[in-house]
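Given below, in the form of structure tokens, are the structures.
In the two assemblies presented below, chain A is common to both, partnered first by chain B and then by chain C.
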Partner chain A sequence: MDQFLQHCLNAVMLGGTYALLGIGLTLIFGIMKVVNFTHGELYAFGAYMMYMLVMRTGMDFFAALVLAIVLGVILGALLELVLLRKLRGADIDTTMLVMIGAWIALQNTEQLAWTGVAVSINNPFPAAPLVIGPVSVAWNRVFVFFTAIVLIFATYALINHTKLGRAMRATFQDSDTAALMGVRIGNVNTATFAIGSGLAAAAGALLGPVFVAYPSMGDLAAEKAFAIVILGGLGSIPGATIGGFILAFVEELGAGYISSGYRDAMGFLLIIVILLFRPTGLFARKERIG
Partner chain B sequence: MKIRGLYSILAALAFAAPALAQEPIKIGVTQPLTGAFAASGNYVAQGAKMAEEAINASGGVLGRKIELVIEDNKSNPTEAVATAEKLISKDKVPVLMGAWSSTLTLAIMPKLMEYEVPMLVETSSSGKITTSGNPYIFRISPTSEMEAKAFAGMVKRFGIKKADFLATNNDFGLGASQEFSQMLKGQGVQVGTIETMDPKATDFSAQLAKIKASGGDTLFVTTAVEQITLILKQAKEQQLKARIITTGGSNSPDQLIQQAGEAANGSYHLVFFTPWFPEAVKNADIAKKFVADWKARNYNVGGLTEGFRGWDGIHTIVEGIRVAGKAEPKAITQALWKVKVKGINGDIHFIKQGPAGKESAQNVPSVYVVRIDNGKVVKN
Partner chain C sequence: MKAAGVIAGLFFAASVPLWLDNPYLLHVLIVTGIFIIAAMSLNLLLGYAGQLSLGHVAFFGIGAYASALASLGFSVHLLPDTVLKVEASPVWLSMLAGTVAAGMCGWFIGRVAFKVRGAYFVIVSISFAEVARLVALNWVELTQGPMALNNIPPLAISSFTFYKKPENYWLVLAVGVVCFILIQRLVNSKAGRAMVALAENEALATSIGVDVTRTLALATVVSAAMAGAAGALYAHYVRIVDPDVFLFIYTVTMVIMVVTGGKGTLAGPVVGGILFGLLPEALRAAAIKPEAQWIAYGVLMVLVVYFLPRGIVPALRRG
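Coming up: the complex of A and B.
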């Protein structure tokens, strides 16, 4: 029983960050129809920015966290302006290849800048874990979880209750019609990519201090993000949020009670099963065609 | 008088010219310089380059200089095969050193059979490498079985009653947990749960919760330093009481102290070189000089336990070339069987392993156990 409770607690903590990774990616795919292979690198970028700010310049942890996210937003906006803006309307294959190229270039730049040796980032939380009866969890992870939840709700509010959000939703439904109605699709795209990238950087900035930062850290994160997005349905924020938690629970309990060797395969098995019954994912609305 | 002096210099130059013009002997090195194992691969490459410089400064081998051709196998088996192919067929190297991870080495092995070129294996520890009948393999690092045997004598002293395992899900991790669990069972130790993890994974909460529930007094961990760092931290978060012992020698205790901090205290590590007390190893003079050189170059001290492999590997290869008398794959393959090299790990020479008639060569290296205590590495 103790073991089961610990697994559940771990899954909840993990799910928060999975959800954060997922919503960034689902936004970009849903609205821009871009398969964003740089998502994992933005995650790594967030972690490395925390390293630079906290460990190198000695900035306050919480200020560094905010700044790292802002820098992620800026990098995302730059990527969109430099690479994707010119490709609007281009073949999905072309865009995909460009994004794969950007992914490789970014990862190698990280390696060049910070070498392959993993770096650790200090955090201001107590080293002793929070003990609740038979289970325990690091304070750092508790902070990560609640910050992730706040960011998820903030994104949800932005999409549903702001003018920019309305423009984004319109573009998602039908970009041509939205353009005819006076929505500036170019700006919506830049904003979307910047917000999505900022969320990835936020996940990296939050998890960097929990784990360590290293150049290839984004690969596994991106894999999970893709899984979550497909699970929840492309373009659906509640889908990505719930998908993140489902993936975390399946991984935790699968590893705990079936086999830890298949921990990372569990999520993908689940996706296959869900797609068999719901080909568009759990929560996606049908796309309007025509 | 002056003119005659000039003539003699010119004459000397004329005679020296053929020797200078001789091409250096190329040695192929394939290491993971990028990707998951980038840190370790770069350290091995640094150690190898230090060996290259030292050997060339003392006149090279067979009157020629040596030249390392270092390729990045990107921590990826497919890329590893491509680097071996490139080094052998394009650069025409007569001998290789590589490829750090067992999985990468195993991927390259069929190519060695195909081209009949020998490879010195400096790090990999999976048993399969020397038992699959590949006569072009010369391994200086210990197998997991050798490590387990070396540790067998210490089981009583540690007072291990029940052991659990956490290993990376590849040839290295699975091989080690098998060898160690067998050895422990032979000593009457109860083996609890054997957990595995993806080599790229960063979160081990599920595995650790299961290990905690299993309740062994000792947890054997086999993976590279990046994951060990995270396991030490997360074990502390989950209040795991078991003593942690890491195997495989890619555990860089210095890096653990730096990155896992307090969580590293009390952990034990099997290593093949003890740069913290170089006087304790067999060839202390060589080890001391290597450590001093490494530090003089401002290389990361955490990399010493990897870097020495590159140094020992290149020295063994060059000794093989010297004994062979020529830089050809076949001659070097035969000569390597006869070498006796004073290395940093100890005296290197090869014994036969694997099926009769196509044995691989295996060195019997020294294995040490160290402990991290109050942020310092101490002798156990």
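Coming up: the complex of A and C.
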């Protein structure tokens, strides 16, 4: 029983970051109809920025976190302006191929810049875990979880309560009509890609200090983000939030009780099983069946 | 005129091992040839049936593993006290088994994955390849996991064994030509026209009586079996198979070959395959670091989509 509670606590802690990754990806897909293969690289970028700022320049951990997220937003905006702006209205396969090219180029740039050796990042939290009754959790993971929750709420607030958010929702529903109503779709796209990238960079900046940073770390993150958005339905933000927690639970319990070697396969198996028995997905949307 | 050109090209390709005495370059050509076969099979799905399958390397890997395992023999516990034991088979039979195994996986995936389209299909196909990789990595009893399958026997027909590079080169060339002709026959048949119709406009194709599920399943099975055959060739040529054959980057390589050459054209994957098979060697010769090579790869991919969105072959044909 204690072991089960511990697994559940771990899953909740992990779910926050997964949700963050999933929301970023689903936002970009929902509004821009772009399958963003560079998402994992933004995640790795966030972690490496933490490494550069904290370990190389000795910046304060919390200031570095904020700066890493801001840099992620800027990199996202640049990617959108350089690569995607001209491809607006192109079919989904075309943008997907461009994003795959960008992903390969970015990942190898990281490898060139920081070599393939994994680097660790110090954090200012006490090493002794927080013990609550029968279960315990490391302090840095508690911090990661609450920061992730704050960022998720901030994203919801941005989308539901700001003018930009309203423009994003309008574009999501019908981009042609939104354009006719005076929404500048190009700017909405740039903002969306920047926010989505910022969330991925935030997830990387938060998890980098928990684990280690290495150039191909983004691949696994991107694969998990894909699994999460499939679970929740592409384009659905609440779906991605719930999907993040579902994936974390399935992975944590699957690794705990079935086989830890297949931990990273759980999400994919979940997708395949869902498609076998419920092809419309957990949170049905009409568009997914051709 | 055109036929003469094709025959001259084939003669030239067949003569390469006779005058090229650089074994390393010949090795590069053999591996390129194997990847061209895989790219041709992907072209059937991506170019003709219009389905962007980003899990294609799974079929390649399944073909490689199935063929290698059948030729080595294996015993594996299906249940704690049920043991499945398979004796070693001759290599040609194993390669056939690898091809069939990949084709069957293609049928299964076709049934499951084509319930969804577009971005969902793409992600499902990636998931499939990733699950295949993790199974190869973790089912150590069957696949040796990261220790890899070693000492895979090379192909032998009666007393002749395909040990050396020239005969392997000709083998790959022969299989490649057979696959090319098969694809050519298929896409010019009724089923092939149904595939193209589906890719152009699914609703319209359905309305004139194209059976969507059957057509897509056929395309996937043929495509998967061909990729499996390429995998089997690979396994018995390099004679070691590890879970890295399932890496996503190989799918990307195949996709780049098809898209650069021209998807939906017969010659496209061959042209793109030769270009991208030899490009890394050219970059290596220019003493560029591997990371920089891959950066060039990525940038080139973006540029191709921007400037030659239909690929090299259609661009040449127009010009």
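Here are a few things to note about the model shown:
The working rule: the second predicted complex is superposed on the first by the 274 of 290 C-alpha atoms of A that agree within 3 Å, B and C clash if a C-alpha of one lies under 4 Å from a C-alpha of the other, contacts with A are read in each partner's own complex, and residues count from 1 in each chain.
Basically, a contact is a pair of C-beta atoms (placed from the backbone, for glycine too) under 8 Å apart; a residue touches a chain by one contact, two chains touch by 3 or more.
Just so it is clear, the structure is predicted and the values come from calculations on it, not from any experiment.
Chain B and chain C, once both complexes are superposed via chain A, clash.
In the overlay built on the shared chain, the residue A:T94 is in contact with chain C alone; chain B does not reach it. Contacts of A:Q111 after superposition on the shared chain: both chain B and chain C are touched. Shared-chain residue A:V131: touches chain B; no touch with chain C. In the superposition on chain A, A:E252 contacts chain B only, with no contact to chain C. Of the two partner chains placed by superposition, A:L180 touches none, neither chain B nor chain C. In the superposition on chain A, A:D219 makes contact with both chain B and chain C. Touch criterion met: A:A102 reaches chain C, while chain B stays clear of it. Looking at the shared chain after the overlay, A:D264 reaches both chain B and chain C. Only one of the stretches 24-32, 204-212 or 294-302 belonging to chain C overlaps chain B in the superposed arrangement, and that stretch is 24-32.
Put simply, chain A uses residues 108, 111, 219, 259, 261, 264 to touch chain B in one complex and chain C in the other. Residues of chain A that touch chain C in their complex: 29, 35, 83, 86, 92-94, 96-98, 100-109, 111-112, 219, 223, 226-227, 229-230, 234, 259, 261-262, 264-265, 267-269, 271-272, 275-276, 279, 287-290.
Listed in rising order, the residues of chain B touching chain A in the complex are 33-36, 38-39, 41-42, 75, 169, 195-198, 200-203, 205-207, 209-210, 212-213, 225-226, 229-230, 236-239, 255, 258-262, 300, 302. Those residues of chain C that touch chain A in the complex are listed here as 52, 112-113, 115-120, 122-124, 126-128, 130-131, 134-135, 137-138, 202, 248-249, 252, 255, 259, 289, 291-292, 294-295, 297-302, 305-306, 309.
Within the complex, the chain A residues that touch chain B are 2-3, 6-7, 10, 13-14, 108, 111, 115-120, 127, 129, 131, 136-138, 141, 207, 211-212, 214-217, 219-220, 251-256, 259-261, 263-264.
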